[in-house]
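Got some structures for you, see below.
What follows is chain A paired twice: with chain B in the first complex and chain C in the second.
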Partner chain A sequence: MRWFALTVAIAAAVAAGFPGGAAAGWRVLASGGAQAKAKTLGSGNRPSGTVSGHRVTLTWAASSYAEGGAPAGYVVRRFDAGTGVEQVVGASCAGIINALTCQESSVPKGSWQYSITPATANWRGPQSVRSLTIVV
Partner chain B sequence: MITIRISRKVFVAFAAVVALVATGVIVAAWSTTGSGNGYAKAGTASALTIGDASAATVGDLYPGGSGAVKLKVTNPNPFAVRITTVAKQTGGVITSDKGAACNASTGVTFTDQTGLALDLAAGATTTFSLANAVSMSNASDNTCQGAIFTIPVDVTGASN
Partner chain C sequence: MRTRLTGPALVLSAAAVLVLSGASALGSLGGQRPVTREGFTIRGHAGGLYPGARKRLSLVVHNRGAAAIHVRSIATRVRDARPGCTGKNVRVGRYLGRLRVGPHGWRRVSVQIRMLRSAPDACKKAVFRLRFRGTATR
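Let's look at the complex of A and B:
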């Protein structure tokens, strides 16, 4: 009986090496493409501004992705109101602004318009309509 | 109780036969080796197929964020299967429907999914959603906005 028990034990051990046993089924594989989709930045909102000497304070409403959620920030641009030529905006309003307001100092005398562009990293949304002309 | 006396050699041989039979039967059930889009033993099971899940995608990826991956699978077999692993193909390249500029820098990374329990009925086609399976870095090009990305994957499962 000892050998019979040993035989059964061996068979059981072998079977245990294959969890689920023969009835566990068929292995199946497949290859192909899975999909994911990116958001789209919405348009910037037209800014408004106030002037104090050579300092212009801009404010604007928040933008969002078309699918919801806020962009990381906004890019502020200034244009000559007469020629439409873009100017170099002051340091305090340069880059991506993580706020809904910006104060540009030392703005030269002239007539200017500003725009707002939603931004997240390299992504840019549609630029806003330019502000009313601001005279410094 | 009846006692049958058999020699030690006979029992050893019997044990070996039992072991081999058990091994053979069980391995035969699992070793459905093959290559390509899927395989199964001796033509008794068909490969799963993966379809285009673009229509089911929801725009949720943005630089610095993560999103879901949609996987549309058809099981042509007369038995249910459970998908347990979805992994990006070795050397596979993630592409978009936005052209070269986006493809050159999608910023999209797929995280292999293991330990899944995606059940697919016999003969059924199901679109699965793998939450937070992709992420997007700040390197994503501006032209990738609204893009649908295709991620080449290998799917592994078993009859369920």
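Let's look at the complex of A and C:
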């Protein structure tokens, strides 16, 4: 009978220690996987330009991501139409342009071609076909 | 028949009560609960990431067990996408809460996912594999 009493006492202690039932104290772990996809930056569109003295005004159509949405801006490049060598563009068209037009001032005499590259931060899309030759 | 708890049996019983109650109390503080693996699963998908983008990553939590659970946390690890585009370019928020999921049921929860503005050009068109780890209580 002593052992019976001892067993009852232990059972009572267990019951008192787990008031919510044995399962209440269980911790459950899980795992799983997924994918996160980055966008694809579309190609730039061929620019067109007009000349007024040493000032060239460029315009181009908007580009987009393949999944939709527009890039943050565009990079404008100028090339020598004869040699194909890239030139340094004027300050007003340098960097990332957050518009669909830009006006380069003080362009030297010569024959030039421009291209447009979509840009978002460090990302660059495919460069556009170069513009028709612009004579300054 | 009378049953009397005397002598060594009484001492043993008292000791058992103290030890088991103490152990149970410590366990209920969350330190050493029994663990069961794969009690629930987490699935999700995110798209449209680009430098500076902030999106919601929708997760589906599925309780595979016959008892309700309370999801307490979900952490995400982002794997490298390719050379030059590491998983560190994508940050995923941690879920902390108490989401009840019924037996064999599922619930949806979302966390923030963002791509750093400094993400390199190599991350264009990249696919990042995500690994989730979650904890829940019953």
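Methods note: the second predicted complex is superposed on the first by the 105 of 136 C-alpha atoms of A that agree within 3 Å, B and C clash if a C-alpha of one lies under 4 Å from a C-alpha of the other, contacts with A are read in each partner's own complex, and residues count from 1 in each chain.
Quick note on the criterion: a contact is a pair of C-beta atoms (placed from the backbone, for glycine too) under 8 Å apart; a residue touches a chain by one contact, two chains touch by 3 or more.
Only a predicted model underlies this, so the values are computations on that prediction, with no experimental measurement involved.
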In the superposed arrangement, which partner chain does A:Thr120 touch: chain B (first), chain C (second), both, or neither? both
Examine A:Ser52 and indicate which partner it touches, taking first as chain B and second as chain C; both and neither are also allowed. neither
Quick one: is A:Thr83 in contact with chain B, with chain C, with both, or with neither? Answer first, second, both or neither. neither
After overlaying the two complexes on chain A, where does the chain B footprint on chain A coincide with the chain C footprint? 1, 3-4, 6, 10, 14, 18, 23-41, 65, 67, 69, 72, 120-124
Parts of chain B lying in touch with chain A, wherever the complex brings them together: 3, 6, 8, 11-12, 14-15, 18-19, 22-23, 25-30, 32, 34, 36-41, 44-45, 47-54, 56-64, 67-71, 73, 75, 77, 79, 81, 86, 89, 108, 110, 130, 133-134, 136, 138-142, 144-160
Which of the residues in chain C end up touching chain A in this complex? 1, 3-6, 9, 12-14, 16-17, 20-21, 23-25, 27-28, 30, 33-52, 57, 59, 61, 65, 67, 69, 78, 81, 90, 113, 115, 117-121, 123-138
Spell out the residues on chain A that touch chain C in their complex, using ranges where they run on. 1-6, 9-10, 12-14, 16-18, 23-41, 65, 67-69, 72, 120-124
Write out the stretch or stretches of chain A touching chain B in their complex. 1, 3-4, 6-7, 10-11, 14-15, 18, 21-41, 65-67, 69, 72, 120-124
